[in-house]
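Below, each structure is written out as structure tokens.
Across the two complexes that follow, subunit A remains constant while its partner is subunit B and subsequently subunit C.
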Partner chain A sequence: MTAENLPTLHALRRSPIGHLTDVLAEHSAAGRRSVRLREVPFLAQLDLQLHQHGSAAFDRIASALGEPLPTTPNTAVEAGDLRVLWLGPQEWLLIGPDGSAPATADLLRAALGDEPGSLVDVSANRTTLELAGPAARQVLEKGCALDLHPRSFGPGRCAQTLLSKVGVILHQVDAEPTYRLLVRGSFAQYLADWLLDAMVLL
Partner chain B sequence: MLLIACPWCGEREELEFHYGGQAHVGYPANPEGLTDSEWAEYLFVRDNPKGLFAERWSHAAGCRRWFNLIRHTVTHQILAVQSNRPVAAGQPKPVIP
Partner chain C sequence: MNRLSDGGRVDRSAPLRFTFDGVQYTGLRGDTLASALLANDVLHTAPSLYRGRPRGIATAGVEEPNALVQIEGPGAEPMRLATTVELYEGLSATSLRGRGRLDPALDEGVYDKMHVHTEVLIVGGGPAGLAAALAAARSGARVVLVDDQPELGGSLLAGREEIDGRPALDWVADVRAELTAQADTRILTRSTATGYYDHNYLLVAEDRTGRPGPVRQTLWHIRARRVVLATGSHERPMVFAGNDLPGVMSAAAVRAYLNRYAVLPGRRCVLLTTNDHAYAVALDLVSAGAQVAALVDTRPRPPAELVDSARRAGIEVIAGSAVVAARGGARVQAVRIAALDAADTISGPVREVACDLLAVSGGWSPAVQLWSQSQGSLRYDEALAAFVPDEAAQNVDSVGASRGVLDLAGCLDDGFAAGARAAALAGFPVAVPPTPPTSGDGRPARPRPVWVVPGESGEPSDWSEHFVDLQRDATVADVQRAIRAGMRSVEHIKRYTTIGTAHDQGKASGVSATGVIARLLGARSPGEVGTTTFRGPYVPLTFALLAGRERGALFDPVRTTAIHPWHVRHGAVFENVGQWKRPRYYPRPGESMEAAVLRECGAAREGVGVMDATTLGKIDVIGPDAGEFLNRVYTNAFAKLAVNSARYGVMCRADGMVFDDGVTLRLAQDHYVMTTTTGNAAGVLDWLEEWLQTEWPELRVRFTSVTEQWATVAVVGPRSREVLTALAPELDVSNDAFPFMTARQILLANGVSARICRISFSGELAFEINVASWYGLATWESVIRAGEHLGITPYGTETMHVLRAEKGYPIVGQDTDGTVTPHDLGMEWVVSRHKDFIGKRSFARADTARTDRRQLVGLLPVDPAVLLPEGAQLVADAEVAVPTKALGHVTSSYRSAALGRTFALALVAGGRERLGETVYAPLADGGMIAATITDTVLYDPKGTRRDG
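Showing the complex of A and B:
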């Protein structure tokens, strides 16, 4: 692949639910009981695994990102334009803007150095649905067993769980609330349909 | 539906977990020295107690980590959860009473 044909390749990209953009917009309602749904396609996603906490690489990555990797289970931090989600005791997902994966990967590989660990570009694994608005929690509660009440789940919390039987990474971004749902491409249409249905029948 | 406390994620519903069978089944020290029936015993034969049972679970739809717990096979009550998560010093490891 050469640099010249990259714009062409980008024009050919299709997100799993790109064909639903208008449908999602039409079903997004305003008002006090509002909820909005949109796809945020092509986010850069990197899966990072380290041998253990407290290694020198862990500290170097913290300096490189400007924020330590979150070690509290099911929490996320923001580091510049990256969002870093805890996925497991030694595993994180770094989410950045479209196109940012190579630069972030270089940064992390340099910080990792010779230490055992792995960094994989998983951007094509999942697409992102963003559900926001005062009624967003009510929509999720129709198919998610987690307690999403602000007393136990709020901004900066994330979880890998099931939503309507589909595996998702759920991340609450702000207190409105705005949630981001990362879902496998092959489940995205089903999940979008399910969410649209749940939004209609509020 | 069981509510299982993943050592990392806390309580999640059973659907998120994958069952891994009896815990603490050691790999034979000298597998090539076993007879066929001893090998079959190791591979397939498990305890089936009516009562407390130590078993393996994986938080398959969550953090994907394996851990052990002790469950009462009649009441489904979960008495203890054990993992490699560092625990507070002095906290005893669970054993079947």
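Showing the complex of A and C:
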């Protein structure tokens, strides 16, 4: 595809809960305790898996990104406009702005070289819900069994967990707190409904 | 009225009207239903369940055996205890005899959940728990304090103790204020810890009735580094003749009604005790204006200072004696008192004393329920005559009365030390606060338990009015009968007599029951008998609370595809496939399902149909060893599959039984994409990871779930090629350029990048278009537009099932059930003879080679209009006598537009040897359907339609 037809193409896209934009905004304003919910659709997402730590590819990727891949479990680092989330001992999710997946993939493929590994564009696999505000943690605590206290889970922490009955990648991006919830598209409506209900019951 | 003119924790400026058994009364804010009833001189509860004996309020808490009530009106609840229901304006309740009634109306109440973690969790807000909370909170650690009452204080609410020279409740208020000021301390009142599970995981039920916000109850899931159990203790009843009469009440309850609720539950009282506790109660009764006719102490030599203080108040102390019987009709009118010798036998004349209230203290049973749930052990303490915590099994301490420390100073010492210890062990070292001076509650002298007060005549087997469990109407005679039946274990006797199995789970009476059993067995002590097992929940919970918000629309996730809005707009009828909502068929106005499915099938066979196939599981399999890995998990070979080619594969479990199937496509030398069945996508990914991580870690291959990355639109039918031509003009869709089971990567006319595969689950020419899921809806709509002039027909899962069944394609999970091999499905061709794979060795077992295994066959009902019910059993002979052995069963059954008749698939023993034979399906309504066994492929057996 070319840069010229991008606007046309983007007009064809539908995010899983794009139809809820106004509803999320209304509930964000109406909450008795301050908490905001919005969808951040179409973020670029790449799933990267390597075969062993300390490989040359690991170092080449660090150079390419300007930042080593995080090796501390359940942490995330920022590398330019990318956020790199640790998902497993040899697995990371790279999140970037809408449309950045091909360029990032090229960069990583080059760094990977001949080493075995896997890089999959999963941008459309999940959408992103952003929950922010002083009461955001309390909303999550209604359905998430993880310890989200600032001493245990602060900015730069991430986890693959369940919120209510939905598998999510939970990523805290700042101390307000602001959380990002990456959810598979088919579950997004249920998760949004669940979050709205939890926000109303604060 | 029995309300005292002053004192207590009730608000005399806040009268509350309520109704009990249809009569209107007035109570006060701070009352329980029970205290308000007693204030109105209502002592009686419903009569006993089995024997219809009159019963009355016997306690002031969760251990209450009698006072079951049904809460009426909005939010109606069965089987609440009058002693734990907080009074509110307009409360309406009725007394309940045994089982309650569920309100058939929808419960509109809001039930919520919270998950919190804490360094220290303290259960119980009495003196020991408060001291522990204070010490722990000063460390900066997170502290959660849980208490089941509306206000903190525990036993101090019912007593008259002093701490630091001031009323104890002033100290409680100070502690509460300090705790509230701590940012990381949370106080949950009206909250009962009901379950204690592994890894210090506790469930706490919070009642928020009457609090701000819409939530009625919250279930707290609490994970704690350290737990401090300060759960207090329950006063035991004693077992004597007539001990169930209304007016026989726990001495601690009498004290609570006097001091906490300002209610005098009787005018002329007798006390019966095995320990020091009753003396303070007796003095409180006197100062409240009651007459204390006698204080009967089982101990021959009670502590002299207690006896002196009682006598100074004009109370007669009768030592070394017991109440051997309570007499009365609807209420106790007198008690009969006699001396007991060292062997607990009556050793003197019986004397009768008139009274309307008998306050009984049979000793204290530490509330060890949660401790035991945590798997901590118990030991019997002879000096305390109680079961107390012994070895902890988790990171938990028990403090205060819950481990047998009964004096106030001891409880404070215990709590301060345990709170500081818990914080320190959780990583927050802190000094132990000094214990302030206390008065009014010294260390008690040794009790003298009397487990069975003998009857004035007869043997234990005659003592059928010596009640052990009031709610179950179980007596000493019942226990004796169990023992005579040969039972010795307390667990057996419990089940035989039902003692301890009612709503109260023997909170008060459990240890008394153990004592009775020990006595009747001639054991040296109750320690030899032990206790029954304590299980959660500690108090009854509502199912609505366990469900929380996960009911109605939030009951379970509803998964939808990117194309779902179109299906909804076009009137699809949906079916649940796992959590997915899939279109089942698209009826036209007034069209039946049968007609719609025949129409959809016709379109796919004769023209062109379109189906949303997005829900199929998709897994990218990437790495130099991807081909080798697939060779090991599929029964057939994939390593040599050409790039851009696809192959159908079957996976088996190690037992050789079919586990999943699907088409896998090779995108590059080191890149395959596997499809799985809709319902098994997550299971297959787990299965692949399990084998890679545990068996073959040397293989260089990785898996990524891409189920939701892609939306998949299947365009099916002889005219599908025309749709594809319009959709992707640059794609050569001729059979030579784009053969069956190959894939092409292409830009659609609208600029969307697509992966198009020639795969068919219908036998017809078909294309599957895969696009990034956010383009799914737009792509579907452009397919519909491109096929409009061809009458393109959307079809659902029902039509998909018919089409595939006509071709004999099995559905794993419908035509298989975990006992079916590929050979049973007639798929020998999919099982490689040359390579190893999961399940291969099982095919060398004699069992998988049996010729009478159930095999997949087709069935044609003899009457072509009759539809066999799926699941119908099949027999060989229409006249066979019942019972008989089934030959097999129907797995799939449909009406076929293409065949012009009904047909079915079935698993039939030795089925492939029975082609042409007739089998019979006896139906539940007595009918019988005859059907002929055929090959599974009923439509286009030569496969001529696949290429259009």
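One rule holds in what follows: the second predicted complex is superposed on the first by the 191 of 202 C-alpha atoms of A that agree within 3 Å, B and C clash if a C-alpha of one lies under 4 Å from a C-alpha of the other, contacts with A are read in each partner's own complex, and residues count from 1 in each chain.
The rule is short, and it goes like this: contacts are C-beta pairs under 8 Å (C-beta built on N, C-alpha and C of every residue); 3 or more make two chains touch, one makes a residue touch a chain.
This structure is a prediction, so every number in the text was calculated from the model and none was measured.
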Subunit B versus subunit C as contact partner of A:T178, first or second or both or neither: neither
Subunit B versus subunit C as contact partner of A:L12, first or second or both or neither: second
Which of subunit B and subunit C A:L87 touches, first, second, both or neither: first
Which of subunit B and subunit C A:S34 touches, first, second, both or neither: neither
Touching partner for A:A145 - first (subunit B), second (subunit C), both, neither: both
Touched partner set for A:S55, first subunit B, second subunit C, both or neither: neither
First (subunit B), second (subunit C), both or neither touched by A:P73: first
Superposed model, subunit A: greater residue contact from subunit B or subunit C: C
First (subunit B), second (subunit C), both or neither touched by A:A159: first
Shared subunit A contacts, counted only where both subunit B and subunit C touch the same residue: 91, 145-146, 165
Residues of subunit A that touch subunit B when the two form their complex: 73-74, 87-89, 91, 145-146, 159-162, 165, 167
Subunit B to subunit A touching residues, read off their complex: 8-10, 12-13, 15-16, 61-65, 85
Contact set on subunit C toward subunit A in their complex: 110, 112-117, 142, 184, 213-215, 221, 223, 549-550, 553-554, 556-562, 565, 580, 620, 622-624, 670, 700, 702, 704-710, 747, 750-753, 772-778
Residue ranges of subunit A in contact with subunit C within the complex: 1, 5, 8-9, 12-16, 19, 41-42, 47, 49, 51, 90-91, 116-118, 120-126, 141-147, 149, 152, 164-166, 184-187, 189-191, 193-194, 197-198, 201
